[in-house]
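In this document, chain identifiers A, B, C and D correspond to the written order of the chains, with residue numbering beginning at 1 in each.
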Amino acid sequence: MSVSLSGIYTPVVTPFTAAGDLDEDALRFNAERYLQSRLTGLVVLGSNGEAPQLDQDEADRAIAAVRSVVPRGRPLLAGTGQESTRATIAASRRAAELGVDAVLVRTPAFYKGQMTTEAFVRHYTAVAEASPVPVFLYNVTMYTGVNLTPDAVALLSEHPNIVGMKESSTDIVQFAEHLSRAREGFVLLTGSAPIFYSAMALGASGAVLAIGGVVPDLCVALAEAMRNGRYDEARALQRRLSPIARLVGSAHGVPGLKAALDLAGYRGGVPRSPLVPVPLAVVDVIRTELAKLGVLSPDAASRPASAAAR
Amino acid sequence: MSVSLSGIYTPVVTPFTAAGDLDEDALRFNAERYLQSRLTGLVVLGSNGEAPQLDQDEADRAIAAVRSVVPRGRPLLAGTGQESTRATIAASRRAAELGVDAVLVRTPAFYKGQMTTEAFVRHYTAVAEASPVPVFLYNVTMYTGVNLTPDAVALLSEHPNIVGMKESSTDIVQFAEHLSRAREGFVLLTGSAPIFYSAMALGASGAVLAIGGVVPDLCVALAEAMRNGRYDEARALQRRLSPIARLVGSAHGVPGLKAALDLAGYRGGVPRSPLVPVPLAVVDVIRTELAKLGVLSPDAASRPASAAAR
Amino acid sequence: MSVSLSGIYTPVVTPFTAAGDLDEDALRFNAERYLQSRLTGLVVLGSNGEAPQLDQDEADRAIAAVRSVVPRGRPLLAGTGQESTRATIAASRRAAELGVDAVLVRTPAFYKGQMTTEAFVRHYTAVAEASPVPVFLYNVTMYTGVNLTPDAVALLSEHPNIVGMKESSTDIVQFAEHLSRAREGFVLLTGSAPIFYSAMALGASGAVLAIGGVVPDLCVALAEAMRNGRYDEARALQRRLSPIARLVGSAHGVPGLKAALDLAGYRGGVPRSPLVPVPLAVVDVIRTELAKLGVLSPDAASRPASAAAR
Amino acid sequence: MSVSLSGIYTPVVTPFTAAGDLDEDALRFNAERYLQSRLTGLVVLGSNGEAPQLDQDEADRAIAAVRSVVPRGRPLLAGTGQESTRATIAASRRAAELGVDAVLVRTPAFYKGQMTTEAFVRHYTAVAEASPVPVFLYNVTMYTGVNLTPDAVALLSEHPNIVGMKESSTDIVQFAEHLSRAREGFVLLTGSAPIFYSAMALGASGAVLAIGGVVPDLCVALAEAMRNGRYDEARALQRRLSPIARLVGSAHGVPGLKAALDLAGYRGGVPRSPLVPVPLAVVDVIRTELAKLGVLSPDAASRPASAAAR
C-alpha cells in the first residue's frame, strides 16, 4: 500500500450537540487541528470515540466528516468491530467506501466463554477476506473482558490483509510475545499511554493514544527520541505523560478525556449517557495537570475552565 | 397491569436460515410449541437469543414474529438494552409498539470503569420514564463484566415503571440482598439454572431460564414444588436439572443450547459467527443427558442426532 | 467414632494479653461460656483464631487450654493445615495427642499455580493416612486464593479417615456440587454465614460460623428451624443474621469479630499485628447491630463500648 | 553500609535429601558454583527456596549453610517474612545473627481484606525499626494475592533501614510508579524474568531472578548491556531468556526450576510435598530449551536427563 501505517495516532472523540446529536462541525474542527500537529494519522470510531454508543448512520457520518478534512497520504483508520462477523464485514465495507485507509477491528466480546482463539481466528480471517482495505486487530481487554492471545495474533499476522494490531493491554509480557511471534513487518501499536515508552523500548511500531489528542507533540517527541536511541529523554517524557494519561485513561475515561480536550482548546463536550461528565473537582485536577504541560487554552487558563466547559 | 409477571420464562433462541438470515418460521415454530407447555411466558432478544448479533431490523422482526403467536394474557418480554440510554429508549419504544408486555434492559457495559451505581440509576430512570411498557432490570455479569449492585436495585425498585429484575449471577448472597432490599412486590427472577432451587428457596418470584427452552415442564414443576413447600422434591428436581443446565450454560453457551434444542425437537440450528457450533462430541454428551431426562425427539433418539443436526 | 460431627460450631478467636502473648485464661473463659450455649462444638486454631499468626508452641497451648474446658462428648476440632504435607502431619499428630476429636486441614496455598486437584488429593490422602483422628477438608478461597474443586472433594470423601469438609466459599453452585458428589454421610459444613440458610436448604450437615461466637443461639435456632422444615422462620432468622455477619466477616474480618465479642461480653481484645483493631466508628456500628439482636453485654450497653474495649 | 545492594541475584532453591530433610551439602554445592558466576549475590529462603515449607530450624540452617560459603563483600539476603509482625521481627533478628547482609520481607497476606496500605506501612515500619540489618520490601502478588501499592512503597522508601524492594509483579505500570515515587537511591529490583529487560529499561537497580540460578551469566550479560546502553543487544538477550523463564516460572514453578537445575549440573532434586515433581515430558521440554542455551550439563546432554533426575 502507498501509505505506511507505523507511527503515532490519536483516536478522535465524538462530540455531540446540545441536543445530543452527532456534531460533525466539532469533529472536523478537532481533526483539522490535529493535522497541524506531527501526528501520523487519526482513528475515528475508536473506543474513545464512543463507537459503541453510535448508531450506524452516525458512524458513517463521523467517518465522512473526518475524511473530508484528512488528506490522502495522512492515514485515517476507522473502528468497525461489531459483535457478529457479518455486521463487522458490513461496517468495514462501508468504511472502505468512505475512504478510510484501514479498519481497526475490536474483538467481539459478548459471549466471553465462546471467544476462543479458534473463534477469533475464524472471525478475523473472514473479515480480512471481505474487507477492501487492510485490517488491524484490536485487543482492549479492559473494556471487552476477552483477550486476543499471542497464539491468535501470530497466526493472524500471516494473513496478507491483516497489517497490524492495536494492543491496549498494559501487560508488557503479552506485548513482548506479540512482537516476537508476529510476522516480520507486522505493525504493532500500543493503545496504552502508561506503557508507551516500554512498548517502544521493546520495538513497537507506534501507538494509538487517547492522550495523543490532548498532547500530540509530546507523544510524537517521545517516539522520536526512541527512534534516535535517546532513551533517557524518552523516559523523562514518559514521566511527564503518565499523570495526565492516568487521569483521562483508567481514572476518568472518555468523560475525563472530553474535559481535557475542552481545556486544551479542542471541542470535547459532554459524553453520551450513560456516561456522565466528570465532576468539577476532577476538571480542576485535569486543568492543573494540563497547565503543567503548557497546553491549557488561553481561555481555560484565564478563568475556571470548569465553568466554561459546561 | 393486567398481566402478572411472576413465573417461569424461557428466552427463545434466534434461529437462522442456511443463508444466515433471521428465520422467522423457526422462531414461530418454537414459540408455538412453548405455548403448549406450562411456561408463564417468553423472552425474545435475550442474551441467549443472540440479541447482540442482530441488527435493528432483525430485532423488530423477531419480536413481531413471536408476538404473532403468543396470545395476550401470556406475557412476552423483549430485550432492549443497548449501550447508550438513547438507543435503549428507542428500542424499548419500538418493542412496545410491537406489543411486548415489558422490556428487559441489560446494563450498558462497555465503559466498565464508568458504570457506577450513579450512572446505572440515571440510565434506568431515564429508560423507565420513557418506556411505554414496564421495565425489568437485567444483570448478567458473566457477559457484561459489570454488576448492578443491591444499592442500585433497591433504589430503582421504587420507580413505578420498574417492575422487576432478571439477575443472572450465581452469587446467592447478592441475590438475597436484592430480595431483602427491593420494595415489596418487586418481581425478582433468577436467570441462573444452577441456583434455581436456591433462589426460589429464598423467595424469588420466578426465573428466566435458557434450559427452560429444552425442559420447560421440569422447570415449571420445580417452581410448583417450591410454591407448595415440597422442598425435598424441588431439590431432587434441581439435581436432575443441573447437569444439562451446566452443559448448555457455562460450558457451551448458545451453541450448546441450540444443539440441545435440535435434539429435543425444536429448531435451534447454527449460531451466528463468531459463535461456532459445538463439536459433534459435545452434541453426543448433550444427547445422552437429554435421553436421561426423556426429552429427546423421536428423530434424535433413533439415530445419531449429531449427524441430523448439522 | 463415638461423637457425631454434624452440627453448628464456632471457631474461637485467640485472645492476647496486653504484652501480645497468648492469653489462655481468656481463651478458657470464652470456651466455657460457649459450652452453656447450644452449639455442637468448637474449633480452635481456625482462620478466625489467627492460626497463621501463632507459632507452634502457642498453637499447642491454645488447643490444650480449650480442651481443658470442653468435655468429651462435645466435639473439639483444631486447625492444623500448614504449607507442607510434612508439617501438616506433624501438627495433626500433636493436636490428636492434645485430645481433639478431629482436625480441620486448610488447603496449602502458597504455590497457587501448582495447587492442582492432583496435588491436593495427594496431600490430603497423606495427611489422612497419618492423622490419628478424623480429618476435615477446609476450603477458604477468600484467604487462600486456591480452590478445592468438587472433583477433589468427591474423590477425597471416599477416604475412611476424611469425614467431612468446611467450605467457606459463598459459591452456592459449588456447594451444591460438593453435596451431590461427595459420598453419602460426608459431613459438609458451610463456613459462610451469609449463605447459612441456603446451604442448609440444600442439605448441609451444619456450619462453622465465626458469628456463632457472638450469637450462638441464633445460629442454632436457624439450623433447628431448617431441620424441622420451618423454612420461613429460618429465612427470617437469616435476615436477622446477615447484617452482623457481614460486619464481622467480609467487611472487618478478625478485628471486627474481636470487637463484637468484647461488646457481647466475651474476651476478644486486639488482634495481632499486622491486623489492626477496627476504628471506633466501626465499633459503634457493630454495637448498634448487636443491640438490635439483644446480645450487648450490660456493660457495653450502659456506656460507649468502644471506650471500654480499648 | 559497605556493600552495595544493586545488581543481579538469584534466589537459591532448597534441596532435600531422599528422606525429605534439608540437604545442606547440596545447598552449599549450588552456592559455591554461583560464586564462580558474575552474579552480585544470593537470596536464601525466597519463594523459590520453598521458604513457606520449611520450619524455623531448617530456615536457620539454610542461612548458615549458604553464608558459610558466601564471602563478605558478596551480598547475601534472606527471606524472613512471616504472617505476624512479631514472627517477622524474630526471623529477621535470627537471620542478622547468622550474618545476612539484608532481609527480604514478603508481605503478610493471609487476611487479604485487612492488608491495607496502612497495615503494611505499620508492619514494615515495625520490622525496619527492629531489624539489625537493612530491609527489602518484597511484593509477590502471584503467590500472596495482596499488593504493596506505590503509595505504600513511596512512604516506606523514606525509612532509613528500608533500602530497597523486590517487586515480582509483571505489571510494568506499577513498576514504573514505584521507580518514580520512591526516594532517590532506593534499590528497586524486579523479580520477574519476563520483564527483566523492560524493568532495566525503566531504570531498575537490578533483579532477583530464579532463572538466574540456571543461566546466571546470561542474566548478568543482559544487565551489563543495559548499563552500557546496548539496548538492542539486551533485547536480544531477553528473547533468549524468555522461553526458559516461562517454563520454570509461571508454567511449572519451583518443580520446573528444580528440574532445570538438575539438568544444568546443579543440585535441584524433588520439591517438598504438596509440590509435585514435573512430569518427564516437561523435563524433556526444559532439557531442549537448556540445550539451546548451551547450559546442559555434560551428564544431562549425553542421556535422557529425566531418567537421571529422579
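Operating definition for what follows: a residue touches a chain if its C-beta (ideal position, glycine included) is under 8 Å from a C-beta of that chain, and two chains touch if they have at least 3 such contacts.
All of these numbers come straight from a predicted model, not from anything done at the bench.
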(request) Could you find the chain whose CA centre sits the greatest distance from that of chain D? (result) B
(request) Return the distance between the CA-based centres of chain B and chain D, expressed in whole Å. (result) 51
(request) Round to the nearest whole Å and give the separation of the Cα centres of chain A and chain B. (result) 35
(request) Using mean C-alpha positions as chain centres, tell me how far chain B is from chain C in Å, no decimals. (result) 39
(message) Can you pull out the residues of chain B that are in contact with at least two other chains?
(response) none
(message) If we use the touch criterion from the header, which chain pairs count as touching?
(response) A-B, A-D, B-C, C-D
(request) In the complex, go through chain B and note every residue touching chain C. (result) 170-173, 176-177, 180, 194-195, 197-198, 201-203, 229, 231, 235, 238-239, 242
(message) Under the stated contact criterion, what part of chain C meets chain D in this complex?
(response) 20, 47, 52-55, 83-87, 108, 110-116, 118-120, 122-123, 126, 142-143, 145, 250-255, 272-276
